[in-house]
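Below is one structure; the comments refer to it alone.
When the chains are written out, they are named A, B, C and D in that same order, and each has its own residue count from 1.
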Amino acid sequence: MRDTERSIRVALVGCGYWGPNLARNFHQIPGSDLVACCDLNQQALEKMGRLYPSARVTDDFASICEDETIDAVAIATPARTHYVLAKAALQSGKHVLVEKPLALSTREASELVTLAEEHSRVLMVGHIFQYNPAVRYIKQLIDQGALGQIYYLYSTRVNLGRVQSDINALWSIAPHDISILIYLLGAEPEWVSARGATYLTDGIEDVVFIDLGFPGGILAHVHVSWLDPSKVRRMTIVGSKQMVVYDDVADEGKVKLYEKGVYRKGEPGFGEFQYRVHSGAIMIPKLDLVEPLRVECEHFIACIREGRRPETDGVNGLQVVRILEIAQASLKAGGEPKRIQEVEASCL
Amino acid sequence: MRDTERSIRVALVGCGYWGPNLARNFHQIPGSDLVACCDLNQQALEKMGRLYPSARVTDDFASICEDETIDAVAIATPARTHYVLAKAALQSGKHVLVEKPLALSTREASELVTLAEEHSRVLMVGHIFQYNPAVRYIKQLIDQGALGQIYYLYSTRVNLGRVQSDINALWSIAPHDISILIYLLGAEPEWVSARGATYLTDGIEDVVFIDLGFPGGILAHVHVSWLDPSKVRRMTIVGSKQMVVYDDVADEGKVKLYEKGVYRKGEPGFGEFQYRVHSGAIMIPKLDLVEPLRVECEHFIACIREGRRPETDGVNGLQVVRILEIAQASLKAGGEPKRIQEVEASCL
Amino acid sequence: MRDTERSIRVALVGCGYWGPNLARNFHQIPGSDLVACCDLNQQALEKMGRLYPSARVTDDFASICEDETIDAVAIATPARTHYVLAKAALQSGKHVLVEKPLALSTREASELVTLAEEHSRVLMVGHIFQYNPAVRYIKQLIDQGALGQIYYLYSTRVNLGRVQSDINALWSIAPHDISILIYLLGAEPEWVSARGATYLTDGIEDVVFIDLGFPGGILAHVHVSWLDPSKVRRMTIVGSKQMVVYDDVADEGKVKLYEKGVYRKGEPGFGEFQYRVHSGAIMIPKLDLVEPLRVECEHFIACIREGRRPETDGVNGLQVVRILEIAQASLKAGGEPKRIQEVEASCL
Amino acid sequence: MRDTERSIRVALVGCGYWGPNLARNFHQIPGSDLVACCDLNQQALEKMGRLYPSARVTDDFASICEDETIDAVAIATPARTHYVLAKAALQSGKHVLVEKPLALSTREASELVTLAEEHSRVLMVGHIFQYNPAVRYIKQLIDQGALGQIYYLYSTRVNLGRVQSDINALWSIAPHDISILIYLLGAEPEWVSARGATYLTDGIEDVVFIDLGFPGGILAHVHVSWLDPSKVRRMTIVGSKQMVVYDDVADEGKVKLYEKGVYRKGEPGFGEFQYRVHSGAIMIPKLDLVEPLRVECEHFIACIREGRRPETDGVNGLQVVRILEIAQASLKAGGEPKRIQEVEASCL
């Protein structure tokens, strides 16, 4: 930021579980100011007011939209309100950062993308892991070919708590995994299937298992749940040359790179193949010690300032929502695999 | 065994990876003698001959069947030969212990069950985890209601190596998980679906993800692979009152019992439910230090001696094979869920 | 606190590494107000000013002492300044909370204890682990006899960083272990010995190994270092009936209670004893989720309000300093063990 | 071994806990034959007879010494008998492998060294870790300078069980650590001190803490115990450039190499030094999958065949015994540090 540039003035909408983290970052980042906090919960507002005396607190979202001194709105409200709030903010000419999922349907997400283009505003979705040094490091490994051919990936993202009653574990947790997969593989899946089960709230799956078929025969598997004895955030990427385990809750070694593979011993022709297992060193790289949310917020501010598209822009948000929507259809159909194209055609 | 009873004379067929463990146990168990070892591989035979000088070694399986002094045959050969060898042994009047899977089709497995009944011989399948103190402990917890209502279970059984070229990871590895699930829940699944991927040998899936729906809405998930950076053998059982993690490769604490659950705060009617997470102590029980294979082999000998049905008898072997067969059909159909009854009807 | 009671007005002196945590707690605790922050570093002061606009910031410590509206002073400055600052604060009639170690000599620490008594003021030292739920839980186990006879304890408190250049690892880190040991055993050691080594700064040991002999033949061992590849904060307590491992950086299970012991098989007389190892269940208790520093700060405020002696009062601080002083003498003497009494006599 | 060379004929003396492992290796190694097993316990002898029908079993040690067809004797008896048995074997012209410790006094160990020289026989002590791929890997790192200047090392070797009633934990367990330290540092310590405590058997310390000062200010610390809740075999080596943790019971990563260090920020002169912590990648090397005992036994056979001195020869055994003896003296003196030279002078 040049000294002469004025700060981007940001309002936070939604001061519950996650919102305060956004507030803290927009308050601390050079080049942005936290100027307003909005929530219906008075206690949450009071707390924000104490922490950030220079920010206006209000329970009137319309007043945020009408305030012409506000440049951007960060939305961290329950998922079912994302569409309505983001739409209103974009229509008022604000730049918008929405927590994941961008919306609860492809139609709504598409509309937000279109609105952002019409109003020439930045629309960004908080796919935070795309700003995580571990994920970026793995992306580099894949792009450099260090893993060889990618065979398959699987992810477990479970814990006990943060039970939602409006959206299921698929919509609440899996956006992280799906956005990571798209980012790492640089492609969208060709098909998806999902199976889940409901124990606590009627119609809301507490645990969901998702399979996604990516181009080139790459298989991805995702397990999400808020009913698990342990907090697990682990993704394994199996390549022909090397393998990676990314454990986001590990103390030491969030990323482990295994020099491991299975190779054919001989050529086909005479009898069965036999395989040789190679198992070499394990490397735990040093990762940057940055807060991914800080990187995300700085990127939002930089995109506004420079008129750039965010890496996790509205289209990226739409991609993820579309896959969730099809996964949800598979879930309702008892796990029947669904091609992405078919649904895509029907929804446009 | 009474002193006056003579020992059960056992022949081992298949002296490769697993067979020597069976040999060692039948050699050591009071009440059984290892009298013969059979394999086509001369090196393997020579090794067995050195270890057990009192056992005859032969590459002629027919001579085992014809030897009237042999009471029982333990079969630890590649899975595709289980049916033919077990059939011949039963027809020769031998008691038979077959490694898992019992056979490669429901038809073959059924035939073995019928043969064993016709010849009044013990037919047992090596579902070894049913003889594992950890699994038995968890079974007790479930039966006593200590876990409350069972919600769901998931199992990961992966490692690097032991790549098969005749059967896929489903048939090679998942029999363990399926037999454990049936044992723990005391029920067969109502439906199954499976998705997998093939990287090393055409037509042989290296990784498979399986879902099984058990009565009462209990969901089970199984992940098997021989292409993974780490050896994992872990099953999680989530109940309404407590949760269990069974990690078979843990040094300390193969079984962990978590006093954890999610409870509704209030009654429905006014607004959304809210949930309270309870997280109490963790208990790591002391388990018997027995070798599960020893328990299995002793059980085989006891069943022969007392004319009892083994806990993992031919019918249990058939149950698992039938589920594998239907899972295989789902795998070939891209993951389409299959009801167990439909296929059952068609195969009888 | 009764509604009519006014808040205790606290000033923080030392706004570096640890001070801000004290500030946050005195700001948040009902019944106390953070009214002033003092440091020589202007950047640190500015940061505190932004976080707590209602607190006065100053680099003039004398002005804190002279401010009659201030009830209490919390001192979190480098250890070599503790004595001078605490003395001045007590002489000005303030209640004082000093970070560990209370002072750098028995003489200084004694003087502070005397001053606090003369002025009838609360003098408390920040032996924070005494307010830690894990340590309190273990204290209960010991007092109830659940561990049987205590045999020995050992503690490792190492990490990489926080290298001090004015005090060595003994004075910087070991106060934690020594205060925990005195608390758990309810006794002072009879002798101490220490050996260490110096690598970074002349005369400042980076690593120190300390042995302490407690009454009843209980041996304690402490290893402290700021030159270690891993962060370890682990104490093991070995009793005749049960054993405890307290790992303060464990994610799951900071306290593990092992039902383990070694028992004599028979009675003496004929030949050698033989021993039987008993190894039972492991229990991981649920501990209160409180911030130990919050408990500590609330205790300080309560003691001021109610005229009580803190659990970690000046005398407790003096005990620890005296042991450190004797350990330091042993360190300088190449590890020669020193009786506590001898030195005690000479220092009074 | 050339085809024309005859096998070295080995007798095992002591068939209890460890002896059978020696038997298995001398039986399997090309170039050696296990020809006799000797023990006073008939059950142990019978078991060896069953396992190795070609080996003679006897409870008469003299008959082993008198048997001129026996080339070498491996001694795995209780430590107090090592000297007498090894002496007799050497005097009978046998090559001798003795388990650690070589003897229970410097005088006895010296005598064995002299005897071996007089009779031109190989005398080797079973300092097994010197044949361990992990230890050899670390030795290479140190010799190549990869760790920079070595600052200090510490080792924890504890577990529950294997309680000895004739020798204490120092003599029973610490020979491993002391031999590793001498090997890694290529030097003997200049001084040693030890403190311990006795709980189970009068006069036999169950837990001992040892400090050793090596040339160049390198400090080493060793903690041994057979009264501990967990099995730990871990050594940490702290260097100026890198650090190593060697955890012998780790599943994955017995050796971890940490790119970590602390560096001075500036030059002395103006005020205090300040330090910068560098924390880079962690590397887990692939180690050879060999059984250290096999390497040890092969080395013994090769030394006999080629007339070479073993890497862990009698002199090495004597070095370790001498340090143990001085550590024992320190232990009896309450931990008083003892110089190695002083005692050395007195014992020669």
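Simple rule for what comes next: contacts are C-beta pairs under 8 Å (C-beta built on N, C-alpha and C of every residue); 3 or more make two chains touch, one makes a residue touch a chain.
Since the model is a prediction, treat every value here as computed from it, not as a measurement.
Engineer: Measuring centre to centre with C-alpha atoms, which chain is farthest from chain C?
Structural biologist: Centre of mass proxy via C-alpha means gives B as farthest from chain C.
Engineer: Going by the touch criterion at the top, tell me which pair is linked by more C-beta contacts: B-D or C-D.
Structural biologist: C-D
Engineer: Distance between chain A and chain D based on Cα centroids, please, to the nearest Å.
Structural biologist: 54
Engineer: Based only on mean CA positions, could you tell me how far chain B sits from chain D in angstrom?
Structural biologist: 43
Engineer: Using the average of all C-alpha atoms in each chain as its centre, how far is it in Å between chain C and chain D?
Structural biologist: So the centroids are 39 Å from each other.
Engineer: I need the residues of chain A touching at least two other chains; which ones are they?
Structural biologist: In chain A, residues 230, 252, 279 touch at least two other chains, as defined above.
Engineer: Per the contact definition, I'd like the list of chain D residues that touch chain A in the complex.
Structural biologist: 252-253, 259, 279-286
Engineer: What part of chain D is in contact with chain C in the complex they form?
Structural biologist: Against chain C, the touching part of chain D is residues 151-152, 154, 160-161, 163, 165-166, 191, 193, 195-201, 206-207, 209, 211, 217-219, 221, 223, 225-230, 236, 238, 240, 243-245, 256, 258, 260, 262, 264, 272-275, 277, 279, 334-337.
Engineer: Can you check the complex and tell me which residues of chain A touch chain C?
Structural biologist: It comes out as residues 53, 230, 249, 251-252.
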